[in-house]
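These are the structures in question, set out in turn.
Note that chain A is present in both complexes that follow, paired respectively with chain B and with chain C.
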Partner chain A sequence: MTITISLPPTPSETPEFTADGQKVHEAGSTLRTSSSIFDDHGSFVGGKAKDSGLLDGRSAAAYAQALNPIGKHVDACSLALRAAANAILGHGDDLVDLRKRHQRLKDDREHLARQVDALTARANPLPTDEAELHTLKSDCDRCTSQVEAYESDLVRWTEDLRASEERVAAALRGAMTEQQVDQTYAGVADPADAARDSMPSGKDPTAVKAWWDGLTEEQRAAMTAADPEIVGNTDGIPAAARGDANTISLDRDLAELGAIPEDQRTDAEQTRYDNARAAEEARLRISRSIDPITGENYVPQVYAYDPMAFDGDGAVAMAVGDLDTADNVSVNVPGLTTDMGAAGDNAQNAINLQQAAAFEGGTSTATMFWIGYDAPSGADSVGVAAEDMAAAGGERLADTLDGLNAMRADDFHLTAIGHSYGSTTVAHAMTDRHPGADDVVLLGSPGAGDDADSAGDLGVGSGHVFVGTNSEDLVGRLGQTGWVSPAALGAGVLTGPLGGVVAQMAGAGLGHNPAEDDFGAVRFQAESTSRGSMPNIDDHVKYYDHDTESLANMAHIVNGQYDEVVRAGQAHDPWYRGPVDPESDRTPTSPNTDGR
Partner chain B sequence: MTLHVEPAKVRSTAAAWDTENLHLTAAAKQIHEVGTGGFTPAVASLIGQFVEAWEAIATKSARFSESQADGLRSTAIDILRTDAKTDINASLVLSSIKELR
Partner chain C sequence: MTARALVAMAAALTILVAGGCGGVNDETYTKLERQRDDVLAWARDLSSVAATTLAASPEDATESYDGVARSGLSDQFKSYKYDIQARFATEQQDPLAALSDDLAAYDPTLTTSNALRLSHGDLTAFFQTYPKGPGRVGMFVEGPAIEIDHDQIRDWDGFVVGEPVDLQ
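Presenting the complex of A and B:
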């Protein structure tokens, strides 16, 4: 019997591929921001610019006559540049995908080449044993078909690369001159117009999501570039699209306002620029931070950006991780003195929690800081004395939580975390609206708000209301007696340790102390190894620090690892003496939260 | 006599054109900074040409905006100078029409 053995062919070399889809994406993103500036310019030329103030008939007519063609041309420029930018963004996505496929091809090729060499060695000289010959033949045939599969993958990869290059090249070649731009785009309706007109009038995030899903890809891209303020800040729109839109708004503010000499900026422009720079600091902190498990840099997602909100205090929310897809999502609400200028520090808190969640075994997490309400800050600080701002903030937070739930079709785990006055805000959102959060964390809380008598009122089940209070945290002691005292406010709440102690004695909290046994929440350990010996404000700002009990426990809660949460004894308030906190006698620990 | 110019409106519209000039100049700068790095050789040279072309388009639009601002102011000044021959109010507002940025 004759056995014919054909050695497998050597696989073709995988071509060099140095393209970087991420860089290409950045180029597209920059050009999309520029298209947005043209878009605004078109709106100006077609609107405010017409009101010249010239009343002299001949001059006014000449001015108006000159504007019409300019307006049409600028609109065409906006559409052309946007189309090219979108083509580049698409090309960037293609290149990211092609890069992954290229790496697989390289690995396959290397593996196959080694196999071919090994089979060639086995065939020289040919084995004499018939069984061995059969095995060799079978191995050669299998390797040959693997090489053939590799070759066809390589051809497909090359064709896909070429097709993507041709698509983007066509888009670029078609918009190289102003004549081309006018020929193709002058008088063409902006797809954003019809999309905007069909937008639901109310705030219902489910209706918004349905509307967004019903738009064409072209309309969504157009809305993102033409109306980034709307797309970036409307609950129900997916986070990725909001992130794209807010990136445009933020980059445009940085570019446009940065181009105005400082001494020529109006007060409003300066406020907007300062807030944009604060958001940029947050964005940079996130993008420069590293996941302790994967070693990769985080990608920030700008979920909200409104630098002139709340009379210039500004609103911004930014996530570490992908809010659209993460299994575990947390929304972190800061408190006192928070305005947009605090974005960098709040980003650091979100980074720390994300890193700790990853270190504790969370594989799919998005951690967002949310400066989305008018927190007591600056001259507003007196507002801490009352719950109005927390109640109003709770409404906005509930809208945000509803929006996150509406934009996701899957069942993900959502944790609302509030620090300081933010805990009162979270408590109000949960008590007053019952938005769909799974867990609630109240940190250094001055009180859970007057609407909550117990943890059960927050609507997630008392076993899912977690409280972290350092026993020497001055603010965490404010809610001990659970009622607001004008006398305490007069004593100067939060103006210093003395004022704080007086406030505590007078019961200056914002509702029940959630760390107290009567409230019925789950208190977790949150002491610090650098804990002070008397009530102080330093212990109020350590909850998100790495290697603290509080951060480790928060990471477990965010990950849904409830059994890992280290419980703490609850404070109690016997009738015969002042409040007693058993945690004050415990020696604090310092668990590792990031592997360093 | 009535003025043939609304000075406050001229001032604000001209200033808005000045702002458009700054914004479009910023756009031109942004476009200029788009590099060809990351693209394949087949696309990189086209990107280079595209960036050059659009930087020029943005710059031209910026200059047009600046000229609109200057033109509006100078037209208003010319009209007010004529009005000033018969209306003292025109003389009074003339000096308020000036470039702020």
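Presenting the complex of A and C:
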């Protein structure tokens, strides 16, 4: 019997491929921002200035005659730039995908080349044993078919690369002279107009999601470029689209306002620029941070950006991770003194929690800081004397949580985390609206709001209301316990610029202390190894620090690892003396939360 | 150049033009600048040794003035430190053990199975490996937090996050 053995061919070399799709995508984003700037200017020059009421009669007519053509030209330029931007963005996405496929091809090629070498060695000299010859033949045939599959993947990859290059080249070849731009685009209806007109009028995020899903790709891209403020801040629109839109708005503010000399900016421009810089700091912090498990840099997702909200305090929300796809999502609500200027600090908290969640075994997490309500800050701090700002903030937070649920079709795990006055805000959102969060975490809470008598009132089940309170955190002692509030006693010892604020909070009555046994929540360990020896403010701001009990426990909650959460004894308030906190006698620990 | 890069450059220029982060205390600013020089010099030394040990060049090296240690309930930073990070792609099987041997002068300690801590005066460095990032080693070098005068906190608002830095 003759056995024919054909050695497998050596696989072709994988070509060099150094294109960086991310950078191409960034270039496309910058171009899209330029298109948005042109769109704004076109709208202003072409009509808004005249329509402002400052011009009337003959002057308005003269304005229209002189400037309408310029407005139309600028609008046409915007559309032309947008077309080029979209082509480059698409090419960037293609390159990212091609790079991943290229890496796989390279790995396959190396593996196959080693196999071919090994088989060649086995065949030289040929084994004499018939069984071994049969095995060798079957191994060679299998390897040959794998090499053929590799070769065909390589051909497909090369064709896809060429097709993508041809697509972008064709789009850019259409780049025109100014005259051609006007001929092609002037007077052309912007696809964004029809999309905007069909947008639901209410705030229902489910209706918004349905509307967004019903738009064409072209309309979505047009809306993103022409109306980034709307796309970037409307609940129900997917986070990736919001991120794209807010990136345009943020880059535009930084570029436009940064180009104005500081002494020539108006107060409003300066406020807008300061807030944009703060958001940029947050964005850079996130993109510079590294996942402790994969070693890859995080990608920021700007979920909300409105630098002039709340009389210039600003609103911004940014996620570490992908809100559209992560299995576990957390929304982190800061408290006292938070305005947009604190974005960098809040980004660091979100980064720390994201890193801890990854380190504790979370495989798919997105952690968002949310400065989306008018928190007591600066002169506003008097607002802390009442719950109004927390209740109003709770409404906005509930809208945000509803929006996250509406934009996702799957059943993901959502945790709402509030720190300080933010915990009162979270409690209000949960108690007043019951938005679809799975778990609630209240940190350093001055009270769970007057509407919550017990953890059960928050609507997620008392076993899913978690409380982290450092025993020496002064703010954490301000909530109502037993029948005598200890708050006013604590407030009496405060000094310094913050003393007044906390003293007001003490007298405000922000509801029950959620760390007390009567409230019925799950208290977790949240002491710090640098804990003070008496109630103080510094222990109020350590909850998100790495290597703390609180961060490790929050990470477990965010990951849904409930059995890993280390429970703490609840505070109690006997009738014959002041509140007792068993945690104050325990020696704090320092669990590793980032691998370092 | 992207808008983001332009903004980062503008922030860097703000610091250079102002001779610091706004009208801040000269002594504190000088301290921070000295820390920058020390950290940068040590990071270059470490990088040079690591490049030989790991047979790889540093990638994605960035520097930052990092606002740290939040002040009570304030949203301002009360202290700053300078830090550098970079990473190496290596085929070295046990990179931390190899680095520990070659950097023995800096009192190397394994803080966990995947992080090596080094000290040099008041400066600290970490080399870190990643369970799902095989072949990737991160390097982090930083100085201690430098306290800012409380009444000048608002002037320290122009620090830079994540500028590329040359470690050669």
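FYI, the second predicted complex is superposed on the first by the 543 of 596 C-alpha atoms of A that agree within 3 Å, B and C clash if a C-alpha of one lies under 4 Å from a C-alpha of the other, contacts with A are read in each partner's own complex, and residues count from 1 in each chain.
Assume a residue touches a chain if its C-beta (ideal position, glycine included) is under 8 Å from a C-beta of that chain, and two chains touch if they have at least 3 such contacts.
Not measured: the values here are computed from a predicted model.
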State whether A:Ala279 touches chain B only (first), chain C only (second), both chains, or neither.
neither
Answer with first, second, both or neither: which of chain B and chain C does A:Val441 touch in the superposed model?
neither
Which of the two partners, first being chain B and second being chain C, lies in contact with A:Ile417: first, second, both, or neither?
neither
Chain B versus chain C as contact partner of A:Ala357, first or second or both or neither
neither
Pick one for A:Ile70: touches chain B only (first), chain C only (second), both, or neither.
first
In the overlay, answer first, second, both or neither for which of chain B and chain C A:Pro292 touches.
second
Applying the document's definition of touch, where does A:Leu161 land relative to chain B and chain C: first, second, both, or neither?
first
Contacts for A:Ala27 in the overlay, against chain B (first) and chain C (second): which applies, first, second, both or neither?
both
A:Leu81 contacts which: chain B (first), chain C (second), both, neither?
first
Residue overlap on chain A between the chain B interface and the chain C interface 26-27, 30, 33, 251, 255, 258
What does chain A use to touch chain C in their complex?
26-27, 29-30, 33, 251, 254-255, 258, 277, 280-281, 283-285, 287-288, 290-297, 336-339, 341-342, 344-345, 377, 420, 496, 498, 501-502, 537-538, 540-541, 592, 595-596
Under the definition above, what is the set of chain A residues touching chain B in their complex?
17-24, 26-27, 30-31, 33-34, 37-38, 40-41, 44, 48-49, 51-56, 59, 63, 70, 74, 77, 81, 84, 88, 91-92, 95, 161, 165, 168-169, 172-173, 175-178, 181, 251, 255-256, 258-261, 264
Which residues of chain C touch chain A in the complex?
2-4, 6-8, 10-11, 60, 62, 64, 67, 70, 72-75, 77, 85, 87, 111-112, 114-115, 117, 126, 128-133, 136, 138, 140, 161-162
Could you please specify the touching residues of chain B with respect to chain A in the complex?
2-13, 16-17, 19-20, 22-27, 29-31, 33-35, 37-40, 42-43, 46-47, 49-50, 53-54, 57-58, 61, 64-65, 68, 71-72, 75-76, 79, 100-101
